[in-house]
Structure formats: structure tokens, C-alpha cells
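Presented sequentially are two complexes of subunit A, the first with subunit B as partner and the second with subunit C.
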Partner chain A sequence: MRRPDALWALGLLLLLAATLVARPHGSWSAQDRAQLLAPPSTTHPAGTDSLGRDRLSRMSMACLLSLSGSAVAACLTILLAVLVGGWIGLAPSYARAPVLLLCDLLLCLPLLFLFLVVRSTLPLNLPPWRSALITLGLFALLSWPSGARLIAARVSEARTSAWMLQARAAGIPATRLLCSFVVPYLFPLLIAEFLTCLPLFIIAEANLGLLGLGVGEPLPSWGGLLRELDNSAVLATSYWSLLPLASLMLVMGLLQSISLRKESA
Partner chain B sequence: MSFLSHLFARVLPRTLILLAATVVMTIALVQWAPGYWSDVRELDAQTGSSVREALEQQRSNHPGAFVAAREWIHSALRGDLGTSRQFAIPVSALLAERSTVSLRLLVTALVTGWSASCALAVCLALVNKRGMAALCMVPAACLLAMPVGALSVLCFVTGSGGPALVMALLIGARELQFFQRLLNDTLREPHFLYLHAAGVPARRILLAFALPQLLSQFLALLLRSILTSVGLLIPVEVIFDLPGLGQLAWSATMNRDMPVLLSVTMIFACILVLFGTIADFRMKPANP
Partner chain C sequence: MTVHRLLRQFLFLPVLLAACPLHAAAAPELSWAIGGDPRSFDPAKVEDETEETIRYLTGGVLIRLNRQTQAIEPALAEKWTVTPDGRTVVFSLRPGLRFSDGTPLTSRDVAWSIQHILDKKTESALAEEFLKPSEVTVETSGAQTVRVHLPARIVTLGSLFDEIVIQPEGKPCASRVSSGIYSVDQYQPGRSIHLSRNNYYWKHLPQVAGIRLEVMQNRDEEVMRFRRGQLSLIDELPPEYLALINRSSPPSAHDMGPSLDTEQLWFNQGNGAPIPETEKAWFRNQDFRVAVAQAVHRSDLVRVAFAGHATPADSFISPANAEWRNMQLRAPREDKHAALAHLNAAGFRMRAGLLYDAAGNQVTFSLLTNAGNPAREKMAALIQQDLLELGMRVNVVTLGFPELIERLMHTQNYEACLLGGVNVQPDPSTVANVWLSSSEDHQWNPKEPQPATPWEKEIDTLVQAQAAEGDTARRKQAWDRIQQIVADQQPFIYLVYRDITFAASPAIQGISPAPLRPQLIWNIDTWKVSAATQ
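Right after this comes the complex of A and B.
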């Protein structure tokens, strides 16, 4: 699939999710206690979960929340990576050493292990929105080092390049140099970094949610919805409980095709 | 700078500083975590005020992160890793028992995943049909699009595979993409195209020339693969209830078992630093 097609498909998927959340019976938190684990019907097209909540609305809301939250976290990661990477690339070696040590410190543990340990040491009995903010904020705070190292290499490459020397010799002010030359020079790297972070955060949130450390109930997230798979009785009676996993795989597939297209371009 | 002087002048001091910083960071994190200072005796209504005061005093006398890290490193160097808060047995005994399980799982998964993906990539390179490659890449992409936890839960609930299979599938899917790309790029190099045009059979080009050329890159990939699979251990072992290091790390984190968590963190950090450094050294001749 070509990149614009995958982007369009992702956009359409988000629009569809927003429409499904906004429809009359589309409340993701309303419980219908008379219809626990109900099969698909006109009011609940994908059936209901064990608390009688509409599965389709919850999946749509989870898609919106996980995707937008991960995108915001990825942007924050890149912002931190640019700041730290810029500092490493431009600062003198004595000022660079402690920052590099911090980078190495965060890189010397498996990322999922780091997320698990840090998230579990933070309070777990939080309101749902706050738990979502903490989980996604944590991703941004712990994932910047690899990006920062790449950006630092690119910045020091730019600093010593012939075009930079020429631009400085021509008397171009530092602000214009930064906005007109350095940022466009770094932009492809930032896009690639964003496309790496986004699926990573979506998958990490799903894994944390499955282990009970992700976004708190009743707020739906992919991780939270995938916990339903843990119940073999639900899985045996309703294959609709696989719908969140299918939607997650679809989104990940679209993101992967966007990345591949970008890489080959 | 020679390999040994680089190792002793730069790599070793950096590694030691990193490991010490990891100990301090872990202790600070766990001490800061809610529930670390709580004691079950405080929940008992019959606990007297003197006991409560003693507990409070014990808490206030507790050393800070730096002092605690220094004490832990000192005792760890003497072979004493402390006693588990949750299991009440020496941490070294716990680690010896659990690491065997994790090591067996890692080796099985790596051997299976690597053999399958290597064989498939070589077959695809020999067949050289785009349709076949796409047919194999779709399931690999589907596996990579699935969280490791979800795949483990599905396999566990449906009884269709064990932890080794889950890890082997994920490792295999990831490596297949790398192998295929690596082989494709290598076989497009001018000298291989020349051999092909000269009528040398594809199998001979691949087995006698291309694969030996790729050996150092394969080794670097294997080391990276080990690092990735260490990260997969936690969700897989927790979901399959396998008593390995991953599950131990998980229970230590949830139960604020500082001695165990410190030891497991150190093991993970040592594996990552060691294999990461070797991979960097291996990559240099391949990609100067």
C-alpha cells in the first residue's frame, strides 16, 4: 500500500472511530446490566462486555485515546530528544558527559522492563484520566535517549559542515540559521523518530494495560480491552472480544506501511 | 587505540559508573514508591504504640539512596545479595533457581526463532519470487503488530502454544524482515550480479559467497536479538506463570522487594551493557 493510501486509511479509521463514539448509543461507559456479554444486536453491533458496556464504542474510544495519546507522547519524546540532542551536539565535552551518562543509564535496561518498574512504583489508585496521562507521560520521559543520540550526531555533523560554515560566514543571524537551515536539515530524522515512537508506545501501552498497569478503568484503552482475552469463557462464547486486537493490528499494519514507504523514499 | 586499551580505558569505567548509577536509581525509585515503607504490623489494631514508634524510628533511620547503594554494592561484592522481603530466602538462591528457567526459555526461543527465520530467508532468496516473499512477510508483519502480552494470552487461553513458541514467533518474525532485507541488498551488489550473469548457480552464490560475507552482521544481529528477547521475558513469564527471572522481576516490583529487584535489574543491565558493547565491536568491521 502506498504511503498516502495508508495515511488516508488511518485518517478514515480515526474519523470512523470518532463517528462511532458520537452516535446515540455510543457511550463507552454506560452499563446495560440486562445485557451482560450480549451478542451483536442493532443497539450494540459488536455485542457488550462483561459489565454490559457497548464493545464497539469502547473499542472506538480506545483507538482514539491510544492513538492520539501515543502521538502526543511521541511528539514530547521528540521535543525532549531535540533539546537534549542539541545540547549534546553543541555543548563542550565537560557539559556533555553527565547528559550522555543519563542517556546511557536509560538505555542500559530493556525499555519494557523500565516502563514496568517505573509505572509500578507510581501510584496505581488514580482517577482514569490521570493514570492515562501518567502512563503516556512516562513513555515520553523514558524514551528520548535513543532519539537524542541520533539528533546529537546529526547536530554535530551540521555544526562542522561546509554549508553551515558558509552560512555563518555570510552573517546569517543564529535564529534564521536555526529556523531556515538546521530545522529542515533535522526534519526527516524527526519524522522517522516519530514513526518509530508511535507504534512503540501503542504496543507498550497495550502490554502495560494487559498487566494491569496501563490506563485505569472505566476509560477504555487497547491494553484494557485486551484484558478481556484473559477470560477463556468470554473468548469461547464471543469472538467479538477479538475485535480490539484486530483493530490494533490494523492500525499497527497501517503505521508499518507508512514507515516502510517513508524509509524507501 | 587497541581493543584492550579501549576496553580498560573507556568501556570498563563507563560500564562500572553506569551499573552504580543504575543501583542508585533503582533504590531511589523503590524508596519513593507508595507502599515501600508500610509494614503489615501497622494494619493490626492490636499493635501497641511502642511497636508503632519503633517502626517509625526504624523508618527515619533508614539510609538514603546513595548510602543504601554503597552498602548494597559492598555486600554484593562479597557475594551477599541480601534476603528477599517477600520470599524470606537469600536472593542468590532465588536467582540461581529462576535464572535456569529463563536461560532455558531464552535459548530455546532464540534457537527456534533464528533457525526458522534464517532457513526461510535463505529459501526466499533462492526462490527469488516477490509473491512468495510477500506471502511470508504478511504473517511476520501480523505477528509484529501484536503486543507480546496479547499473543501470550491468546496462546495460553487457547492452549495452542507455550512461552518458548511465543518468543520464538516474535523473534523469528522480527529477524526474518532483517535477514530478507540484508540478503536482498547483498545479492544486488555488483560482484554478485556479475557472478549471476556469468552463470554461477544462485545456490552457490548464496552459500559460498554471500552468507560468509554476512557472517559478522549476522552475529551482531544475534546479539541484538538477545537484548530484545530479554525484554520479552517479563510479559511472557508473567502470563504463562513461568517461575523465571521475568516473573521474579514483576513480583519484586509489585511487592517492593528491593533486594530482589536490585539483583534482577543488575542482571538485566549487565546483559544489555555486555552484549551491547560486543555488538558495537562486531558491527565496526562490518560497517566501518
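Right after this comes the complex of A and C.
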């Protein structure tokens, strides 16, 4: 942990987790109907939302859910991209063409609308946790093609490279070849792909939440919290409703800073 | 000297002209927002609220329903008579009527306009209100008399003819040539519609010379533009904005008490609905529905979701409709213990804070509502917490309107739904199709081949009997009984009546909000606008 931005990111996550643990159990969903849009107090340090729910607990929960869920979904996307990209890079040309076509087709479709169509065909009676899992799972299942394309090009390049020929000529076994040469060769690309997918998923989830879709109530989501800002009456009552926006900007800034540092390294 | 003086005067004149507020002399114009573009300007094809507004402002009608007194008043027809059997109506037009382009308006135009609505090709929703449109005949006698023969008595005759706009014979002209207060002057799709006053309007020349209807979907933007003085009024103001607008002085946002509109939730009891039979069994159980009705804290819905600008509801007829509301209605009261007793009686049991039916299935269902309606989303979240007190796990789902309608009307793939009902007329007969078990609008179980329950059969009989009845007192008795059956059975669980809320520039005088739509602009021809808005 030599990098200060990574330290900041870790610190933020720990702070959010600690906030959630410190708050009363279930405070992110409990409605205090006598305290609507209340200003900060000892019971509600960042005030309450329009349903009287603790804003700080909701924001911590939404941040943790969005960050961890998006990170898992990004890993899943990369795994799918490696599998498909590896196949395209290594398979004979006749087997490669249909997979490439599928990749290109999926790339043409706008992710958000595709998600809306898929989501509307799913069963309605899902607990909020499952709806969050499905939302993030769908992101992972629908966003691998761009990564697969990149990995395929990289694998194909590696297959015909001089170092690969030399390694194969030296008689290195296939598994060692994969673990000691191909994976380290692909690793920087996978990290870059992860750092691209993570903010993309966070923003996509926030967009869906903003439309009232995706993660179900009472589970908080970043988009759901940002919806309060669509109402100037709420904004005029309490500037604390800007807190989710500030936290989203902070997280995006940190992610951007990490990826820039990675690029320059 | 004279030349100098003249020159000086000429030089001075432009300065004076520039200083004169010429626009202050111009006739006043108002502007407000509409939710979207009209799909058609043909007044016979009106389906949504935007089209209704345009029809009201541009359409001349034979008789007009006074939105305040609910009395039928003469408009283009100076008098009308109905035969005792209710099957022939004779209208006598005012002399000297003209369309907005100056051409005479005669009985031939009236006959054509009625036939245009009855014509199957027009596909007008109004045709159905004539019960058997193909059997209606229209005759003219001279330039000023029109005789309409109906196949059966229509109890809502006044409100029906209030919606039939008279257009020039054979030339439906997209409201550009009108017989109403205004005519469409300019239309920029996606942006605005400009209306200018009809100089040949039969009553008098309205003071408001023009209206700009701006297409705007975001209510927050509408409020911002009103606060900046760029819009003159906001109809159906979202309740959370009242306090915000009233911070300015003088206060310009108002709450006029309960409207006729309801917010309700209902369970899907449809025979063909693709949901588990165990769930249908819960939803068809009267005790289950009554328990839900008793568990919802309506006062919290009013306070939290509507910022206090709504009234708790118990029936489909609001207290604003004193003429038709059953004043002796006995509806289930909010009572958690009574709700639990009802569930116990129906075989439901609570274990570890969760509710299970007699067969051991956990009671959980989804509650569907439309995305983008903050009040409904808040109500759904409140109901979710209220029903958790009974051990019911409710999953709130918000869907876009097209997907929601697809599920409600076509696939019937939903469990419970929370939506609003709009009552355009006070007479409940105008929404009788909701109560007839054979109707597709009978939402909890549409298109039943036979009434599924004895109480639905009784409602069918009462609705049909009152439709053929000429005596209003007897019709009221039938509707009183229907209200009581609905309160006992709770096929729709009524939650709140939205209040009539609006904001209007203080410069407008003569606004007199009414319970009937259009609630605000119904008397726009009598409004006065002081120069302050210019």
C-alpha cells in the first residue's frame, strides 16, 4: 500500500463499513415517520430522507453495496471475457467467426435498454437482495464483449510472438506456459479492464436507480438516493440530500486517480 | 428657429417611443405546461389529459357541464328538449353562430360532428357512450334544429354532449378553425402549441388573448419556470412543492381540498393470471383483503407521501362528490389487531414475525407501481412497512408505464398493483365499466364469463338496473349499495383522495377551482389578467 490513493480508497471503505456497524441494526430501512427530512441530530447525524430513514446509514449501505457488487460483477465480466477472448484467440478461424459475430452483436446493443428489456421479463416477486444480485449479474453477463475483443487480440498476438515460439521450442509444458508466461502477459490488460468496468457498473447502477429500476426498495442504491435531487423542494429543505452525490463524486474521483496512476506506472 | 424646434421634436420622438411600454398595451397571454404532445388534434379522438385540455379550450359544444355547479348550461344550443322516454333529444342552435374563420355554423355542421363520432372509422372512445352507436340517427330541420334519436336512454346525456365538439362539416381541421374559446394558431411538435382567441366566440371575447402550452415532462422544471415567472400556472401541482412556492410573496400555491381522484391498491384475482394458485387463494379471500385495508396507515400516506395535501380514502366516491357519496358507508377502520384477527380467522398464522397460510406457504407478494411518480413510490414504501407488521413480505417493483400496462391489461402477470383512478364526471355511471364483471376494465378479474362471486353478481345487477333507470334517487340508492359492497369486499383498497392543488400567478383574477376536470381552466373565458404579468 504505497500508493496514497489506494490507501484513501481503503480508508473510505473501512469508514463506510464502520458507519454501518455503528448505526442501529436495520437503520437503513427503518422509517421514522415523525422525522421526515429532519436536519442532522445525534440520532441521525446526516438527517433523514423524505420517508424518515437515516440518511447516513442509507448512504453507507448504498456505497458498500454498489462498490462491492460492482467489483464482483467486474471480476465476473473479466472472467467471461478471458474465457471467450481466449477461445477467439486460440480457436481455428471457422470456430472463431460465430463467437466474434455474437460479440459484435452484443456490442451494438445499448446496455441500458437491453438491461431494461431483460429486467422487465424477470419475475416481479423478488426480495431486494436478489434484485440487487440480478441487476449486477446482468451487468456482468451483458458487458464482457468489449473485454473479450481486447483479450482475443492480445492472445492472438501472444500466440504468434517470438517469445512464445521460443518457449514452445524450449519444450515448456502448456500449463507452465499459461501460468508463467500468458497470464503475466495479460495481467496489466485485465487490471485496466477491471478499472474501466468498475466505474462503468457503478454509474450504470446509479442510472437505473435514478429511473426507479434495478435495486428494489427498501434496499438503498446510489441512484435511488440521487433521485431526491430531482426535487427542488427537497433540496431547498436540506442540503444534506447532496451527500450521496458528493460521495459518488469522491468514489469516482478515487477510482479515476487509481487508474491514471496505473496508466502512468 | 422653427426648423430647429421641429428637428428637436423629431429627435425627441424616438426617445419617447422607446420609453413607452408598448407591450403593456398588448392583450394578455398566459402559458402553462402540458405533459406531452397531443397524438391528434381531432376532438373526437381525445384520449389523454393534454388532448382533453386542448379540446376544452378549442372546442365549441352544444351544452356545457358547469364544472362548479355541475349543472348543464346552454352553449352553442340555446335550448334543448328530451322526450319522456329519453330517446329523442332536440337541440335549437343560437342564431348567427360562426366558426373562428367567420364561416356560419349551422345544424348541418352539428349533425356531421355527431356522425363523425359515431362513424366506426373515427374510432372515437365517445361512440361507446351512445351504448349502440350504429342505431343512433341524427336529423336536421332548418339551419338551427338538430334531432338526435337514441336506441336507449342515456343517463349521462349532459356530460356526453359536453364532450362532442362541433367542427365544420366534412373538414375536420385540427382545431385550427374552431367553435370554442380559442383556436390552434401554431404547433411546434415537442415544444409548444399556441392558441389565439376566437373572435367569433358566441359568448363574449375572452380577455386572455392567447395561450402558450409548453410541452414539458419534468415537473421540477415546470415549478422552476413558474417561480421565475415564465409560466402563469401549474395545474395538479405535486404536493411537495406547495410549501416551496408559497415561500414567495404573495403565496400563489393553493390546496382546494379533496378531488374526485383516488389512489388505490388491488390484488390480482384473475382466472387466467399466470401467478401461483396459492397466491390467488389469498387474494380471493375477503378476510385477507380486509386485513390489508385495516393495516395501512392512511394518515401517514397523506402526511408523508402527499405532504398533507390529500385525504384518507374509503370508497371510490370522494367526499368532494356529495351528490353521489354514500354518507352512511361503513368501511373497515385502521386497526392492526382486527387485521390480525381477520387473518387468523382465514387460517393464516404468524411465526417469527412472518405470516404463513394454512398450507404453510410464506405470505410474500410483489406490489407494482409506475416509475417516476414520487408520491406513489413513497406510498408503496410505506405500505411495505405497514404490511410487515402483519408479517407480509412485500417487494415493491416500479416499472415504466408501457410495461406496467402490458402486465395489467394483457399478460395479467402481477400480484398486486398500486395506481390512481381519475374520475372525470361526478356521476359514477361514467366509470360503470370498472364494476361490470364482463368488462376488460374490471381490473381485479377482467372479462369474467360469469360473475365469479355472488357479490360481483349483485354489483352487475345493480349497475345494469341503474343504467335503465330515469329516477336519480333510485340510481343513487343503487350506487350507495355498490359502495357498501365494495367497502365490505375490498376488491380495490382505497388509500387516499388527492387534493386539488395548483399554483397560479397572483395577477390572474377569476380562478375558481372546481372538482371536475379541467379543474382550473374551466372558466378561463371570464378570467382577467392584470398588467403585472406583462
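Assume the second predicted complex is superposed on the first by the 235 of 265 C-alpha atoms of A that agree within 3 Å, B and C clash if a C-alpha of one lies under 4 Å from a C-alpha of the other, contacts with A are read in each partner's own complex, and residues count from 1 in each chain.
We take it that a contact is a pair of C-beta atoms (placed from the backbone, for glycine too) under 8 Å apart; a residue touches a chain by one contact, two chains touch by 3 or more.
As the structure is a prediction and not an experimental result, all values here were calculated from the model.
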item	value
Superposed partners subunit B and subunit C on subunit A - clash or fit	clash
First, second, both or neither for A:126, with subunit B first and subunit C second	second
Partner chain(s) touched by A:165 [first = subunit B, second = subunit C, both, neither]	neither
Which of subunit B and subunit C A:15 touches, first, second, both or neither	neither
First (subunit B), second (subunit C), both or neither touched by A:232	both
Touched partner set for A:52, first subunit B, second subunit C, both or neither	second
Subunit B or subunit C, by number of subunit A residues touched	B
First, second, both or neither for A:216, with subunit B first and subunit C second	second
Subunit B versus subunit C as contact partner of A:191, first or second or both or neither	neither
First, second, both or neither for A:183, with subunit B first and subunit C second	neither
Location of subunit C clashes with subunit B - one stretch out of 132-140, 366-374, 402-410 or 420-428	402-410
Those residues of subunit A which subunit B touches in one complex and subunit C touches in the other	116, 120, 211, 230-232
Residues of subunit C defined as touching subunit A within the complex	218, 220, 223-224, 240-241, 243-244, 300, 303-304, 364-366, 368, 371-372, 374, 377-378, 380-382, 384-385, 393, 395-400, 403, 413-415
Residues on subunit A engaged by subunit B in the complex (per definition of touch)	101, 104-105, 107-113, 116-118, 120-123, 203, 206-207, 210-211, 223, 226, 229-232, 235, 245, 248-249, 252-253, 256
Subunit A-facing residues of subunit B, complex	14, 17-19, 21-22, 25-26, 29-30, 32-34, 141-142, 144-150, 153-154, 157-158, 227, 230-232, 234-235, 238-239, 249-250, 253-254, 261, 265, 268-269, 272-273, 276
Interfacial residue positions of subunit A with respect to subunit C in the complex	31, 33, 36, 50-52, 116, 120, 124-128, 131, 211-213, 216-218, 227, 230-234, 236
